[in-house]
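Order of writing sets the labels: A, B and C. Residues in every chain begin at 1.
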Amino acid sequence: MNKASVGILVLGFSSSAHASGNEASNTAWLVLASVLVFFMQAGFALLESGMSRAKNAVNVMMKNYMDACAGGIVFWLLGFGLMFGSNLTGWFGTSHFAVQEGEPWDFTFLLFQMMFAATAATIASGAMAERTRYTAYLIGAVVISGLIYPVFGSWVWSGMYGGQGWLASLGFIDFAGSTVVHSVGAWCALAGILVLGPRLGRYAADGTPRLIPGHNLSLVALGGFILWVGWFGFNAGSSLEMNVSLGLIALNTHLAASAGALGAFLAQRGSSSPVLLTTTVNGSLGGLVGVTAGCASMQPGFALLTGLVAGFVVVFGMRLLDRLQLDDVVGAVPVHGFAGVWGTVAAGLFFSGDLFNWERVGVQLLGAAAAFLWAFPLALLLYLLLDKLFGLRVSSQDEQRGLDYAEHAEVGYPEFNLAQTFDADALPGRVGK
Amino acid sequence: MNKASVGILVLGFSSSAHASGNEASNTAWLVLASVLVFFMQAGFALLESGMSRAKNAVNVMMKNYMDACAGGIVFWLLGFGLMFGSNLTGWFGTSHFAVQEGEPWDFTFLLFQMMFAATAATIASGAMAERTRYTAYLIGAVVISGLIYPVFGSWVWSGMYGGQGWLASLGFIDFAGSTVVHSVGAWCALAGILVLGPRLGRYAADGTPRLIPGHNLSLVALGGFILWVGWFGFNAGSSLEMNVSLGLIALNTHLAASAGALGAFLAQRGSSSPVLLTTTVNGSLGGLVGVTAGCASMQPGFALLTGLVAGFVVVFGMRLLDRLQLDDVVGAVPVHGFAGVWGTVAAGLFFSGDLFNWERVGVQLLGAAAAFLWAFPLALLLYLLLDKLFGLRVSSQDEQRGLDYAEHAEVGYPEFNLAQTFDADALPGRVGK
Amino acid sequence: MNKASVGILVLGFSSSAHASGNEASNTAWLVLASVLVFFMQAGFALLESGMSRAKNAVNVMMKNYMDACAGGIVFWLLGFGLMFGSNLTGWFGTSHFAVQEGEPWDFTFLLFQMMFAATAATIASGAMAERTRYTAYLIGAVVISGLIYPVFGSWVWSGMYGGQGWLASLGFIDFAGSTVVHSVGAWCALAGILVLGPRLGRYAADGTPRLIPGHNLSLVALGGFILWVGWFGFNAGSSLEMNVSLGLIALNTHLAASAGALGAFLAQRGSSSPVLLTTTVNGSLGGLVGVTAGCASMQPGFALLTGLVAGFVVVFGMRLLDRLQLDDVVGAVPVHGFAGVWGTVAAGLFFSGDLFNWERVGVQLLGAAAAFLWAFPLALLLYLLLDKLFGLRVSSQDEQRGLDYAEHAEVGYPEFNLAQTFDADALPGRVGK
């Protein structure tokens, strides 16, 4: 319960008898925050589904549904212990696996952290949509939830049961996980799309990107709203207690999300490209990712600025990926990765009462780099191995038929007449890996 | 507020000054839990809608919307008094009808219980989808919310205003209602589908089941996520106070849901049938139903086991119904009935600190049997009577046209071109009752 | 934090040490209520989208998404200060613009109020759907959130930082904003549709209204459920603290919503018109709007009555608009305006412990009239000005093509085959202004 103290001290809150709750109310608060973070799974699922084609609607939902389930169980078995167990070396925890007994707070804390693990795993799903073999994807998600995410997490957030992570010892600030959750997830996603290659027809033979429109933009917007709703639990829940600083955290969260959408809007208008709903929603998500590190230690105006810049980062990040012919279906790498790095830096730049302390910024950059250096190579190895063992990507024929037909024996919208317009001209493009 | 004490005592929580909240915080907790339980109505509506055909989309929504409304009002008028009013005989309550005045807590408690009543009524809706006359359905829902559910509930949960239910006196454990809410709802559903008969074309002349695919599996998954979200309020809210045991309850809820999906996944893979999204979502719901009785008095590993088994129960329960030619559109009877019975037994088997006490298991079985013996015959009578008076089932022609056209003068998706593939070949099947 | 005291005193709650929370728990409560109110944005978006045609799906979502973003930022910059800043004259506030520093509670309170401002702005969106130019709409939303809404709000709710609004001094009761939020939003909507004129083909040459069906009634129902869910935060959050009266407030909210749907049901049945899902959902929303003013100072039976009457008000209000050829796509004016006036009056009529005090009712009517006299002319001026400067309405050709094509370069459902049945016969109708 000491993460919150950063924000409280910095902004000069007096620590009166009324400033924080008792154990019962802290429990209720964390349970409610957990519910909100879990709800984000539905947001991720809708966002990814809406940005994918109808022929993969069932696959997208199944991935998001099952990675929450399998990820939750493996985090209980293994990940929680690696992340929060007694951490003598500063590099990983070694107790509290498959927690069966404990103090009431142990269960509450485990629940909340379990939801975070599922979030990290789900980020890769969206990037790798529409071409990944189902079982291989699930195994990857389990490894992220159970190993890659928790080990990095132990460097920053461990200490609950003794010891301290090495990044935490350096003063690295990541209140709710711009780096710990979002960037780590995004670097796994980046490894995944590198191994997979772009979808059929996504880039023409000369490299020109071709838009593959998502099948349901109403679901994209609903997913965006739900993610935003859940993010209040993600950020304000990370105080781990009911205290008076929750209002500022939530306000900063909201301002950054709003400014992220505005930033994306301005970036699109400013570069004379149409203002897309998908990109605008991604802008707000970028704002949310960006403010996640510093939401408890920034003043509102800086939170707004952090979000605004994140909106620009998302728009230009998406273009950068397209130039590199990296096919990230939902924009997970710009939203969670690039905006996550920016947010981690911003948490250093705009640290309340100590603005632009470059030493602090240096530590923030070190943490962001460490996340990349840990997660990316490991995820690359993981996906290369899965590719070797099972084949990470479905066959070209299955990709054209759609994963619902090929992998799930169910289709999303059996009664609706669908146009088949996006496959025919896809074939001359880059096929497979 | 004494239901929670079961869980607290068993798991050895020290009852310190900080272990539970004051009346203001208990009120806030119960209001928030009520909101979550109410949100489950949206989950039920989406799940049922997605599993039904597009031609009945409006009907499904109208049933779920209006049974919450009418059910809420009748529970205020009648059901609450029957269930929680002064219960001298142990068989039903006799005070607190149409509560207009009271202590603040009376209103809070009434609100929470009102949401539960709506849940019980809604369970029947999904099973009876696509062929039930609208007005007859609504009258049935009102009788369930106002009479069948609250009278059984008074046997287990009354005592708020004096007296004790006879099942409670025997030591029957049903923390949040595996039996009280879910099984009772499911046995009403079973009666309903017996009186209705299967949908046109659902079983071939020789009895072979024929799949009638739902029109929107994205909505099914979203409904599943929302039900899961709401269930945290359902289970943790049932402690009726803000206390330190909420974390364990919510953790058990989450693990059981995750394991339920995993169990359904394994049951399908293990029997070489395709892993369907619909069945997987039902598996997680089965896990949730299963853990509802014992979520406050089980260790996490047992909650996981309870959910895992529930996933298997759902898969094989759905097959059993199909063998009996009982057409349960959403699988409400396996999910809420069979998994409810299993969960009620599991609450006895895995009672923390007193595992496998067979006497306790005996009481649990008695309670489960009592639910069936009360709810099923009464609901059968109800639906037979409704059938006699109004006709419970629409005409074959109206069923083929869809209830939206026949009963509501509105269609769900007027601009979308729909395929009409599921009626033509339906006719040679079993037609109506 | 003194709004709640009205309800508490009236209903005779003893003010014990346990009757309300401490600052930490009040903060958590208000953050959670803010989350629920923010979730209403998704509800509004889905409701409007579902009631509009598929060709405008992206536009609807973009309006609702961006007015929350832009509205939030402008409320932080300007609106909050106008509404809650030091209010010496009783007519507007003059401090707390762009709050950057403050006590913890300042941030919490600002967050909650920011969500209310977005709600007020969004109400106009639904009425003006399917024909409004995107940029002009957004500017209008910003002016509502930043100026029209907060200035009126300061007449009733200011006082947090000194001074009191003139309507509040008269004893005007509007606990959560039947008038302050909903009627003000609705009178802006009314001004908007007057300036815009009806959609092409909405009224025949002889004035007969022609139904333009919404494209997705499942989304309408989901939107209704989400709005209902969010409204618990809207009403119970308005107590601004965690206290024992939250249960009654939420119960009244729920009963009124249920009764509103029932009232709309009865009004439709009673006038031999088909019971439409859209109208039934609007009935429940009318019940919610109606009870918003008096939810903390009414007994449950009166809340139910308030909602029931609101259901009738909505049905007949929708018919009245049609007779006047005012094309309000979602029924925002009857739901938020007419039911808002009724609810404001009902808060006077059914004031607990002082029923039918006509002096009180007079003040209520004065407040309702003041809202109209402030918001309607100003919004009319605003929209006329926007029309002059940019053109408020898109061209006939763009309206027929759909705003998604014309304004956003994205379509909502690119793979679905859509029927084009509602434009062809639209042309002989009233075209544009």
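By definition in this document, a contact is a pair of C-beta atoms (placed from the backbone, for glycine too) under 8 Å apart; a residue touches a chain by one contact, two chains touch by 3 or more.
A quick map from chain label to UniProt name: A, B, C = Ammonium transporter.
Computed from a predicted model, the values in this text were never measured in an experiment.
**Q** Same or different: do the copies chain A (Ammonium transporter) and chain B (Ammonium transporter) touch each other through matching residue numbers, with over half of them shared?
**A** Copies use mostly different positions to touch.
**Q** What is the Cα-based rotation angle between copies chain A (Ammonium transporter) and chain C (Ammonium transporter), on a 0 to 180° scale and rounded to a multiple of 5?
**A** An angle of 120 degrees brings one copy onto the other.
**Q** Return the distance between the CA-based centres of chain A (Ammonium transporter) and chain B (Ammonium transporter), expressed in whole Å.
**A** Those two chain centres are 33 Å apart.
**Q** Residues touching two or more other chains, restricted to chain C (Ammonium transporter): which are they?
**A** Chain C (Ammonium transporter), residues with two or more chain partners: 25, 32, 216, 413, 416-417.
**Q** Residue numbers of chain A (Ammonium transporter) touching chain C (Ammonium transporter) in their complex, please.
**A** That would be residues 11, 13, 16-21, 25, 29, 32, 36, 53-54, 213-218, 220-222, 224-226, 228-229, 232-233, 236, 241-248, 250-251, 254-255, 257-259, 261-262, 265, 274-278, 280-281, 284, 299-301, 304, 413, 416-419, 421-422 of chain A (Ammonium transporter).
**Q** List the residues on chain C (Ammonium transporter) that touch chain A (Ammonium transporter) in their complex, please.
**A** Within the complex, chain C (Ammonium transporter) touches chain A (Ammonium transporter) at residues 22-25, 27-28, 30-32, 34-35, 38-39, 41-42, 45-46, 49, 57-58, 61-62, 64-66, 68-70, 72-73, 76, 98-101, 104-111, 114, 216, 219, 408-417.
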